[in-house]
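One chain, chain A, links the two complexes that follow: it is found with chain B in the first and with chain C in the second.
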Partner chain A sequence: MSKPEESETFDPVDLFPEATEMDLRPGVDKCDKNSNCETVCPVAEVNEDFPGPKFQGPEQWRLTRKGDLEFDESVDKCLNCMRCDTACTNGVPLGQMHNVARANYVDNQMNHASREFLRNKMLANYGTLGKLGSMMPRISNAVFGLGATRWLNEKLLGFPSERSFPDFATQTFRGWWSDRGGDATSAERAREAREARGEDGEDKKVAFFHGCYANYHQTEVAKSMVRLYESLGYEIAVPEQSCCGTPMFANGMLEDARGVAEGNVDTFGSLVEDGYDLIATCTSCSMALRKEYPELFDIDGIEDVASHMFDAVEYLRVNEDLEAELEAADVDFPAMTYHAPCHGEVMGVEGIITELFADVDGVELDDTGDVCCGLAGTYGWKEEKYDDSMEIGAEMFEAFEEAPGEVALTECPMCSAQIEHGTGYEVKHPMQLLETALVES
Partner chain B sequence: MNNPSTIVIGGGATGVGIARDLAMRGVDVTLVEKGNLTHGTSGRMHGMLHSGGRYAVTDQHSAEDCMTENRILRDIASHCVEMTGGLFVQMPEDDDEYFQQKLEGCLECDIPAEELTAEQALEMEPYLSEDLERAIWVPDGAIDPFRLCVANAVSAENHGARIETHSEVTDLLVEDGEVVGVEVEHKSGAGSRVHGNEGEIEEIYADHVVNAAGAWAGQIGAMADLDVEVIPAKGVMTIMNVRQVDMVINRCKPRGNADIIVPHETTAILGTTDEEVEDPEDFPEEQAEVDFLIEEMSKMAPILEDARTLRSYWGVRPLYEPPGTGTEETEQITRNYFVLDHDERDGTPGLTTVVGGKFVTYRKMAEDCADHVCDLLGVDAECRTAEEPLPGSEDDAVLSDAMDRYGLRSPVARRNKQRLGSRYDDVLSGADPNPVVCDCEGVTRAEVQDAIESVGTDLNAVRQRTRASMGTCQGGTCAYRLAAELHPEYDEETARAALEELYQERWKGQRHALWGEQLSQATLNHAVHASTMNRDRDPTDVSVDFDAFESRAVADGGESDGD
Partner chain C sequence: MAIEDDVLVIGGGIAGLTSAIAAAEAGARTRLVTYKQSTLGNASGLVDVLGYAPGDDAPRADPYDAIAQLPAEHPYSKVGADAVREGLALFDDAVGDGYLGSQSEANALVPTHAGSVKPTARYPRSIAPGLASDDRDMLLVGIDSVTGFDAPMAADHLSAVDVPFDVRGETVRFPKSFPQDADVTRYARALDRDESTDAGTVREVLADRVETVLEDERRVGFTALLGDARHEAVRTELQDWLGVDVFEVPTGPPSLPGLRLEDALYDAAEDAGVRITSGNPIVDYDADGGRVEQVLMDRMGSEVAYEAEQYVLATGGPVGGGIESDRDVVEEPIFGLPVEHPGDRYEWFADDVWGDHAYTTFGVDVDDDLRPVADEEVQFENLRAAGNVIGGYDFATEKSGCGVSLATGYVAGSEAGELT
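So, the complex of A and B:
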């Protein structure tokens, strides 16, 4: 809307860039200011300059008038952990409010020629970077491991030199999958497993959203998932796909996220129509498709994709009698300490693993409690946020030190990077534990 | 005393407008008001800066006045005005012919107006009903009545006027058939908030008395046995928690009930109804009126049906029509105003009454009335209120770089700036540290302290000046902080009484919003206040057995310092 005080003629001007024009003020109606959100914010706990989620979300939105393009710069310090969104007892769409405010901030207030913007753009589009790196994994690993590279990365791009870049797998998961014979082989193995189990199970079909990390780095996690699911009679489809968009949301690049979301909804939407359920081993990927896509974009078929999207552990808990399967298991696994990722809590899967293995022979498992690791995807990869990231993680590091376990267990690849960085622990994914218990034993 | 003197009765927009105008012309003015400024209808209006479009078909004289004053107020009161623009929305059941009349009427009255298609209107206001046929754009806006009245009063004071709030006129002093002054009772209240002496009866004499008591003008007139036939007509307004619209939305049909939405600060205000009442102070406030309002408005903006309302309030219009006009429906009575010379009319000199009119035309009413008074008093001075900006609206340019200086979060800085206008720098440099006291409205300590400086312990007046406690939680999380700001200047007992008074006022309007989210808000407020401030009991009854704490500390082997 133009400013009529300057001219009395009507002259509509759309001041809002496409992706960030959402009016989220009506969502404020649900807020009763009970401050539950404030008590769970990991950033507010370590950074007293951070005004907290109640301000970032409902208060800031309510103070907004149409045409107010400026959002408070503190939204840049939000982790996008979504703990506030989960903690809210009234259903205030805090995650959505933060995402849109951040996108407005990045679009309209951030200097697009700055080092931070360039670095954030790289982090947000990690899928592209990972693809390049994994073309020549050994060389990439050697180059990224060099002290000189790290030094340059910090000086030029603002990546903290304290962190070491994750190694690229020598073969991507997709490479392995295709060598193995792709979807056809999976269908065959699943059919054999179903026969052995005496099931007909025509409908045991899942499409796998592997995302970036399980494809380029933690390929063992994806492979464990494949072997576990197939042994339970599920045939798996692994379609072409893009990054889920999580790092784009977290860096306020909603237009980039819309691009990947459109592609992913198209691909996985048709698989849903063909009777597939959707699973991911990374809780941030599954949360993006289940929660953030429908909250932020209006894409044909988006609700179907969201309602069929599951975390890989959650899906088995819902559809299989895992307790019965595990009763017979005798697992030879070192003592473990489980860390629930924040986005796992949003997915509602944080309790499943500890419950499932509570009585399984040979498993010693405790957990770190309700704490954020502090890395939060791309947050801890920013030099200026490194200290906050480590301070947030301190509580988790301490929990690991005190726990009897020797191996860490978590669903989230970024939590696992932080655990390795802060504790030196070896980190496993629940898929790997379940595979050991149910496939190998 | 050399200057001629005048008493103005009524601290609403008209009263403070007259006080300012006369003071600027060199008249020695005393304004008396029984409550705080805007206690009456001015504080209970829609907050709409009319373009006049609403009256463009049937009451063109009022429409022209509205448009002229609309332009002037944008200029002299820029910090009180938000130029949102407005739409007249035609729904399927509304008459095509009336739409044309409206469009033509606007143009006849020099109101810029433009026809919009349904698509254009929906693009501007996506929460309007998709059924709408078309719309007319007009330069409606929003205006903050509290800020406007306070600015007028401050300006009047700067020109030497005496402003007495909480001072009720108990009688008109009549000598030899001429009104020569007023008798007022200075009310007592929490702390020092009157300039007179509390509880004292004072007789104030002046060369002339102006009755600008609005809906109460009839009662004032009766004190001198004068018949002023003000027709008080009540109307309900409901405040929504958020702005569902950013423009004023009018229904394009003959003037009626429940047909305006005004985006006001952080809220949207729905209004209104029009029903004659006997007594402007004592009339029924019925939930059915609120329900009707929401139901009707939801036809234009369906989102309102389930949206959260914060409170509802009723205002009483001081309608007037010359004796013998005989209009039957109150909404048909002209919004024109009348300056009544009681010498000419009733043979009682010394008193002028001004009645009728619109909030938006307050300045013009004040000008006409001041012209009349100056004539009688032989004062030869021109009116300057249309040119001279109000305090707070003097200079827009100096504000641009002030945003970052006080370390405020950007939406808070923006709101502070909008509320304070050119006083932004002055006020914000006055408190350090300057935390946000009211989170919902982004009100800072500096603003609160500034308001306390001018109104003392009257926290309702602090509220009106700052908007503190007018947001989502209705004071649940800031009322006690406001009271705490009174300390150390005022003692604990005074602060407590001021808090109680603010709570009562906040509760009053919420009674008509207690369902859904606002009910749960009120419940949470109660629970928090009960459990942390003992407010479900007498909080001054401190019969805590402190010895028990001491003995427990000793039993636990811990140390105790005795408090």
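So, the complex of A and C:
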């Protein structure tokens, strides 16, 4: 096109009107099909029949525009790790597109009377299941631990019998929190710590999104976070909350996710208004609130919640001089190997812990490198996906074998379940390491 | 409070990695911040310095001859030929024996997937037996289900540019079949693992199929998919089966030689002690009295400060995201650095696709220390630029992209490191 004559000058027009609802077109148009996303997809790596992220995202979107083609069922095989999102140099929102495509497939094409749908619905709504199980933790643990239960679960519901159900803590985190005196006790302890640290008058307040796992299963992680944050002068609020929605996104149940998102945005949004920052110890919970909510839903206050949501390690790295705090630390810890969760990588918070401890005496900390664990929340909990899940995890298992560490370290409770399952290692959360270094020493 | 380092490098491509390694080797505590995976997956993996000087019709035999004659605004003119040598030395050290070419300052000529010949200063070991200066006859092998490489066409193109050997192209079926449009990484993985098929292992069957079409050529070139993590083992085994040299022909994206280079450079950066932070973009800065005080990372809606004494801007050109344009203006988005460009946007490009497009040289102006300049004034005393964010050269036409990144990365990184 050459420069037009003066008489023919024109102003460019917008071909597509300003979007009033979620519009994937601008993202799709950024895709130049360089396929770099395909080189990082863990499913494509082990499953030859899986057309990778470029197909699941931009290509499915284009193909289904006219309404005469259905979504390809292979989208059900995407494990929602979002590594493609990180890989794309053109800023194509692949994770968002996969969530939308999967929801379309599940809503309109999946048989809602099938065993898979029922099982996925249970997995997606794990928050409810966990609540029931944790009411009678000892009985639940005994029943779920039975060989017969595992056999039945596989035959009837399609849960892999190879996996053992995570133990319920004998007391939920919320139970412990309330026995301890709730938010008021926390405010008091934090005030004392601020006084001792010479930080009188500083406003240090965080609201904790514990999600399901830290409440029903890994309660020690949440307790370590509490003791660590309070010792640094932070008062903690633990409001009533729902599941973050991660398992709902991953199973294409977007309306269920919208329900929990609305509740969580309402609760945590008003805490943000009151001056609280938000933290989570699980990187999938923090990613849901920070990235998936605003990408998928239009809820009043959602942007404020998203921008105030931090991973618990990241928050301290940004707001405290942890390097100076750690200089004085004297830690006697077994050698450890860190595994970065995919959702931590998406948020750019992976590996903060290895960097912090690189020069701390008494700590030997390697990492497994850039690999996906393969469990991906509910993915590895499906009988038909168990083999792929373990094959994806093989590279991580190998990395643990080769590294000198005897204890694993990761932020994600699902990675930690897969590490235990595949290597038998004991798994710790960075909050526990930091608590040992800064509170106990 | 800000996260503090001595040197902060913004950008995770070749220029950023080179700057960060140079700064760390100068003794500075160095952090590299990168938004996304680098664009090295789009790169051939070849490391060029200068293939064509302005006005050249034929490739340059010696890139250094031409460097002295480049126009004053060219980045090579700012840093000088010795900086190019230092940048390459840093590169050779970083990638070790995975790359060849350091024995000579002359350009090597590498056949590409399109059948052209690219002048280049360093090339991966897997590509070495394919050099066009070698007069042994050559067989190029395409895989029928891999669309990026048409071997008979590439062979015809090579013959047309009078390479000093006979070259033929043949197409074979891969020993395993994949769904349509499968990526090269799947083929590479099958070879890496030497997966089994009914007729034998993948490497074995592939060698058999090539043997039936091989005549008396002494070297065989495949599109670059011969393995990923174990690519040297794959290539060596194919050589053993076939009894001739085997090499790879570099491809377009996703390019395995580019991805392998990315891995090698990130490993080298980590070995040098560089701290790497990825996943979120740097979007803004605070300055005081002509010094950058801190830069701000957009953490999905909120900002986190990163502070250093010295900064290197290595965010790339218009493709890498370091230079942005809209209908009215072209500029560098983080520091708002101006980019010289015609006021009328119809003059940003030429009518002829292969013509002289103005946009190819868009980038920030720098002084001899690589500090960005606007209206002849250094903008910030502690900010340097490296790589394609710098304007004044057309890397695609000159075949100078990697060399400029290495030379300017070396200068910006080592000067920043020495000042801390």
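Everything that follows uses one rule, which is that the second predicted complex is superposed on the first by the 412 of 441 C-alpha atoms of A that agree within 3 Å, B and C clash if a C-alpha of one lies under 4 Å from a C-alpha of the other, contacts with A are read in each partner's own complex, and residues count from 1 in each chain.
Throughout what follows, contacts are C-beta pairs under 8 Å (C-beta built on N, C-alpha and C of every residue); 3 or more make two chains touch, one makes a residue touch a chain.
Bear in mind that the values here come from a model prediction, so they are computed numbers and not experimental data.
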Touching A:23 in the superposition: chain B (first), chain C (second), both, neither? first
Where does A:60 make contact in the superposed view: on chain B (first), on chain C (second), on both, or on neither? first
Quick check for you: in the superposed arrangement, does A:391 touch first (chain B), second (chain C), both or neither? neither
Which superposed partner A:347 touches (first chain B, second chain C, both, neither): second
Examine A:51 and indicate which partner it touches, taking first as chain B and second as chain C; both and neither are also allowed. both
Looking at A:34, would you say it contacts chain B, chain C, both, or neither? Reply first, second, both or neither. both
Taking the superposition on A as described, I'd like to know which of chain B and chain C A:291 touches: first, second, both or neither. second
Thinking of the overlay built on chain A, is A:162 touched by chain B (first), by chain C (second), by both, or by neither? neither
Show me the chain A residues, by the header's touch rule, that chain B contacts in one structure and chain C contacts in the other. 1, 3-4, 12, 34, 51, 55
Chain A to chain B touching residues, read off their complex: 1, 3-5, 8-10, 12, 14, 23, 25-26, 28-34, 51, 54-55, 58-60, 62-68, 70-74, 90
Could you pull out which chain B residues touch chain A in their complex? 74, 78, 81-85, 112, 114, 116, 120, 123-124, 126-127, 137, 139, 141, 241-244, 246-247, 263, 266, 303, 307-308, 409-412, 414-415, 439-442, 471-473, 476-477, 517, 520-521, 524
Tell me, which parts of chain C touch chain A in their complex? 1, 3, 36-39, 41-42, 178-179, 181-183, 185-186, 189, 253-254, 259, 275-280, 299-302, 304, 320-321, 327, 344, 346-347, 351
Any idea which chain A residues touch chain C in the complex? 1-4, 12, 34-36, 38-40, 44-45, 48-49, 51-52, 55, 86-89, 91, 290-291, 294, 303, 306-308, 317-321, 345-351, 355
